[in-house]
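If you scroll down you'll find the structure; I have some questions about it.
All chains are identified by letter, namely A, B, C, D and E, in their written order; residue positions are counted from 1 within each chain.
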Amino acid sequence: MLQSLVHVCLAGISAGMFIWLVASGLTLVFGVLRVLNFAHGSFYMLGAYLCFAVLKAMGGNFWLGLLLGPLVVSMVGYVMERYLLRLVYHLELPYQLLLTFAMVLIFDDLVKMIWGAGSIGSPAVPGLSGSVSIAGREFPVYNLFIIAVGPLVALGLYGLLEKTWWGRIVRASASDREMALSIGVNVPLLYSGVFMFGAWLSAVGGALAVPYVGLLTTGMGEAIIISAFIVVVIGGLGSLKGAFLGSLIVGLLSSFGTRFMPMLDMFLTFGLMAAVLLWRPQGFFAEG
Amino acid sequence: MVLRVDQIDVYYGTAHVLQNISFEVKQGETVALLGRNGMGKTTTLRSIMGLNPPTNGSIRFEGVEICKLAPNVIAKRGVSYIPDDLRIFPDLTCEENLEIAARASGRSGYWTKERIENLFPLLADRRKQKGSSFSGGEKKILSLGRSLMMNPTLILLDEPSEGLAPLIVRTLLETIKKIKGHGVTILLADQNLRFCNEVCDRGYILEKGTVVHGGSMTEIWDNDDVVRRYLVV
Amino acid sequence: MGESLLDVRMLNKAFGSIVTARDLNFSLCRGVITSIIGPNGAGKSTLINVLTGLLAADSGEIWFQGREVTREPIHRRVKLGLGRSFQVVNVFGNLTLFENLAIPVLALNRRAKGMIRSIAHLKEVREDVEMVLTQVGLIDEAYMVARSLSHGDQRLLEVAIALAAKPRLLFLDEPTAGMNPVERSRILETIRELSQTGEVTFAIVEHDMDIVFSLSDRVIALHKGKIIGDGSPDQIKMNPQVREVYLGEEVA
Amino acid sequence: MDQHETTRRDFLKAGLVTAAATALGSGIVKPVGLWAATPNIKGPIKIGYLTVLSGTLAGYGEFHKMGALMGVEEINAAGGIAGNKVELEIRDSTLAAPACIQNARYFVDSWGADFLAGVDSSGQALALAPVVGELDRVLMVTHAATEKLTEDEVFKKGIKQVFRICTPTYQDGNAAAFVAKDLPVNTWATINPKYEYGYTTWNMFKDTLGKLKPGVKFTAESWAPFGTTDFRPHINTIMDAKPEGLYSVVWAGELITLVKQAKQAGLFDKIKHVMFPVGAAMDVLEGLGPEMPDNIWISGRYFFLYPDSDRNKEFVARFHKRWNHYPAYVSETAYSTMYAFKKAVEAAGSKETGKVVDALAGMELDSPAGHRVFRKEDHQAMYEVPWGLTKADPKYPFKIMGKQIVIPAKEFFNRPPFEGPGTHPPFKDSK
Amino acid sequence: MNQYWKYFLMLGCLGALVGIGFVSGPFVLYLATRIMILCIFALGYNLLLGRTGLLSFGHAAFFAIGAYGLAITSIHISAHPLLGILIGVTAAALLSLCIGFFCVRHTEIYFAMLTLAFGMMVFALIWNLRSITGGDDGLYGISRTAISLGIVNIPIRKDYQFYYFVLLFFVASVFLIHRIYSSPFGLALAGIRENHIRAEFAGLSVKAYRLGVFTVSGAFAGLAGSLSALLESNVAPFSAHWSHSAEPVLVSLIGGLQTFSGPLVGSIVFVALREVLQRFTYNWMFWFGVLLLAIIIGFRGGIVGSISDAFRKYSRP
């Protein structure tokens, strides 16, 4: 039983960390730009595909793919923010959602046009491909790596936002765009930067997911974006702390749900989302 | 000439909020925009800052046309705006609020953090506290400090006397005078004629989006007719 | 003083450390135009918000026409006859003036409820709306979109919406702010007229002392959530405490 | 590159070839065979093909397309169906029923299709059956496997227009049980898809295996929703139960994920007997490559190395040359569908639905997958697909079936009338 | 536009719709029927989004409940289409009343997310309650039996018969929703959209009105669902999925949020565009996305909004 519980927990945490990598960018972008980006899942997909493309072109070096793929995606993010999203900031919420939704359709088909429609299998990461025995059962080294990466990203984000000059400007602009402008912050540029960074985070998530999921599919973005939405909502829109905790909760909930209440899995997650929205619409860490 | 506003028109949607407004501010002057609530004082300041750009007319700052520039560019040129609701960054500490202004505007000069903390000891005491914990009067001080950190040539000051206890107004007056003493040009918008009279050299009176009168503060103060028509309620 | 309309008992309201109402006790009486004055931040707007239901009281009781309304939702207080206008223009921007006023009229009119019958066919509604529009002098603009009105007219509309809900007690939050003298005198005239008929009792928050003293029968002065003066305009003018915090040596 | 255009161009090419053949042929070769005597078939024969071309499973649509296109090209190059050119149009019908129905209606009512084929999801097939009944066109199902389609819609409700060329869930459930009965396994568990296909196949497996080998226990079930990318929790459930055998009809990309994650969790070390009834799909084998463990029981709706006939070998060779892929099972079913239509039309001497239905019912078809017979009662094609153990082969960059077992179709296909004793395997008479 | 022109246009449209039933081939009839059903869905939905300013991502659940209500009735109780529709619509209205009760406390993105959560809970239930709903296979083989009205039986089996059947509901819905727009209730909704605090101070119980309109639009979604179950003769769980909720949003936005006829135009564009695109390319999603972008950026008020703006500018130079 203990063995089971330990592994259910580990599975939940690693699942949560995958969601976190996507949710962190989503919530960061929402916190600053106030745009809920459906296409964030597409960055996840693009990250995976581009990492894979680099990996293939560069003779199978995953780390190079992880480095370059997401960089390209952040450039895509820049183009999207600069030439499309910027046109709808002042419009109502449905228009913003619609625009990002249209981008999802476009990205999905683009990927299909470039890489073909089938699922593409991908090789494991050298050095991280084995398993270690934990409580008497094998657990993939790669998942341990992910369990480590998640909090590192969280720490990095915390440091970036709280301790750096850039982070201060981001926080200032998030709370008061106009005043930030008035003290000389180039807010449009900052928005582009934050959007690119968010896209990069999501793309890194996608690239990291590839060795674990083991394949690339055109629909992979949609599946993760819904989980990320749930996480971002229950954590409180725009709250990174909340999103991190939310990711853990959703990951663990689905892991425990699958193990102990298999018929309720999806119902549970959305039930949690509804309950949190009713009980604390601002999320866990809202003040007052 | 630090600022020359020339025949600007500003619209909010269809509403013609500012109509053909012209005035000017000279180096080192403190100029008041007077007028009752809703007469366009705030909008004037905002359009100079680039937050509500005029549809036509021209705004020249130190001889350069800034009408079509973005607010952040205008800020870098040395214009600083203090809105009436102060808008301290709530998530940032007092210290960060000050530093961010200096670094974002990329301007340096006489005003350093040390000098500002000397001028307002309160800011030194509360250095590490978040902006959201400041009270109304404290925010006013902080917003002044933040503005000075930009070492601006021109400060646009909206409703400085509003909502303050008399004692604090007194302090504020002294502070503005001190700042003025360092050669900073100030354009302030206020309803309070007495307050303006204390610190300002000249004044313009706005009425329903147009400048209806302009002159030295003493002239306005003595002009009973003007005061009665446009200012006193 | 006449019959009491609104009774406030031991009302408290605070935001964190900022107290905006501390153990407030007072009554407002029918037919008495009351002004509530006080410097900025004295808690005037908060008080109106608590009395009309926008904010919940921390403790205390609010009685309106002999009925406790402390926990009643806004719309029920409005239906009982407790109305208000707003300090900032707060109208239905994309609707016509007619529609702006039809909303409160319809909300009160039980027979006018329904999903199927068109408003155009409800004669009594039209009469009510036109009456209010005439009262405030906006009848000619009835089919204009509210957003396209001048600021002053929007303020008038603001008051008109409140009037259309047929209030017994109407709180006006700075009704004359941003108005020109013509509009101002029109609104003051309307207030006086309506007050004389005894239908509506007004309670006004105002900064303009001329209006306060010329219009009101009674003045309540607030400071930091406490009543520091309550009485006729002359009594208030004489009240040293009020002078000190409010009229007093403002600057210099 | 616009794929649609490619298709059009391919048609054009095929058309030119056909045109040239007819132009030459008319002078030199006299029309022979059945179609010479049946001039009443007019105009091109139009086939509307419904498959998924977007989303996660779009890869399947591509494999459908390859098979169908190749079939049509070959038929046209050889003179078409009874002398008439075959036209094929393929539409993205996603996995949702409304899109499928709309496309079917478009094909028949607007484009003028004579035949319909394809259909991936069971829900679509069940929803489409009454519609094709109404439209009165033959629908050849090439992928959707639900046994309800043939048992309920065709046999019970009498929608005669529906046929199925691929194996149904019997292959995944019943046949698996026949293989499992000889394995030294007494406790089985499953990670199955959390939808009807998963439930049905597991129930069939349990039911048949329970009869074949009384005393066998089914100890754990874990149901994976559509689109699962993390099977870790499911693997935990199974490993907690410590079964001797694992059965899973998880398919396509999800199976790749499952295998990879199970491998990392050491599942294949603990559980020696694993059955993937749809593991022999090309996308899975190619996707996993050498990562597919050895000695796993796999099967499918067709496997390109079986049967060892010339017909099949030629087909595989042509297919590989044409597309640089080995044919997936949907490629074979799509390809054979074209030949089934050809044979039926030529036999019926007409493309009228009623006559073609009569011709198809009971028809025998020699196809790459072997000898197929469309059962008269429920229009289900009877043919055999082998079960085998995975093993490496230096000729291929992926695992293939090593040791193979072929269970005769008549032993494990449910039999009409599908209710009552003797309609579900095992059958007494077959031994 | 002048009143007479409006009536003229409406009569013309009605005439054209009746005419389509006589002259069109079955595929056009099928598409037209589909468009009308989508119209009912979107018009009802736009009462909530365009009129009241609430963005719901859970309306697919009501659509699905309407469809399942009809399907279950027709399989287990009676195949009478009117009874099925009645039960479907009632079920949808009741469900939207229950869900709405929780959702209307929130607005904006929170409302959208809450409706999404509840909608997906319904989806999960439909997916998992296999014995009732048939799981992912859904319920199929729903027959369009004749409507028996005592002595006469009106057949709706054939495409054109069913077309007229749906046309009847379509016209009734358009009429009803149009009346709601000009009713006191409809005005109150517009007031709530414009300024909900002011509406409360005008004496409206904002929550009650929101709940009211949520229920009404849920009922129309249910009607659309019931009709679509009859049209397609099946119902599948994905009709309750959030991505299906996005359909009326798209339709309303394409046509124009603040206009009554926006969803009508939007539905036509939505269905026809996809159908046409599919004839030219397999990558219809890509082009559909591009066209959506063009609509958002080029026609900010939706097609109807932009055209009537242009019309106004043109007629008043």
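List of remarks:
The working rule: a residue touches a chain if its C-beta (ideal position, glycine included) is under 8 Å from a C-beta of that chain, and two chains touch if they have at least 3 such contacts.
What you are looking at is a predicted structure, and each value in this text was computed from that prediction instead of being measured.
Minimum number of contact steps separating subunit A from subunit B: 1.
Chain centres were defined as the mean of their Cα atoms; on that basis the chain farthest from subunit E turns out to be B. Subunit A and subunit E have centres, each the mean of its CA atoms, that are 33 Å apart. Between the CA-based centres of subunit C and subunit E the separation comes to 42 Å, rounded to the whole angstrom.
With each centre defined as the average position of its C-alpha atoms, the distance from subunit A to subunit C rounds to 50 Å. Remark: subunit B and subunit D have CA centroids separated by 76 Å (rounded to whole angstrom).
Chain contacts: subunit E has residues 127, 283, 285 touching two or more partner chains.
Residue positions of subunit B touching 2 or more other chains: there are none.
Multi-chain contact residues, meaning those touching two or more other chains, occur in subunit D at positions 53-54.
Those residues of subunit B that touch subunit A in the complex are listed here as 49-51, 70-72, 75-76, 80-81, 83, 87, 89-92, 96, 99-101, 103-107, 146, 150. Residue ranges on subunit C touching subunit E, taken from their complex, read 52, 54, 73-76, 78-79, 83-84, 86, 90-95, 99-100, 102-104, 106-108, 112-120, 122, 125, 161-162, 164-165.
If you check the complex, the residues on subunit E that touch subunit C are 176, 179-180, 182-188, 190-191, 194-195, 197-206, 216, 258. Within the complex formed with subunit A, the residues of subunit E that make contact are 49, 55, 102, 105-106, 108-110, 112-114, 116-118, 120-121, 123-125, 127-128, 242, 246, 249-250, 252-253, 257, 283, 285-286, 288-290, 292-293, 296-297, 300. Residues 36, 84, 87-88, 91-95, 97-99, 101-106, 108-110, 112-113, 226, 229-230, 233, 237, 263-267, 270-271, 273-274, 277-278, 281 of subunit A touch subunit E in their complex.
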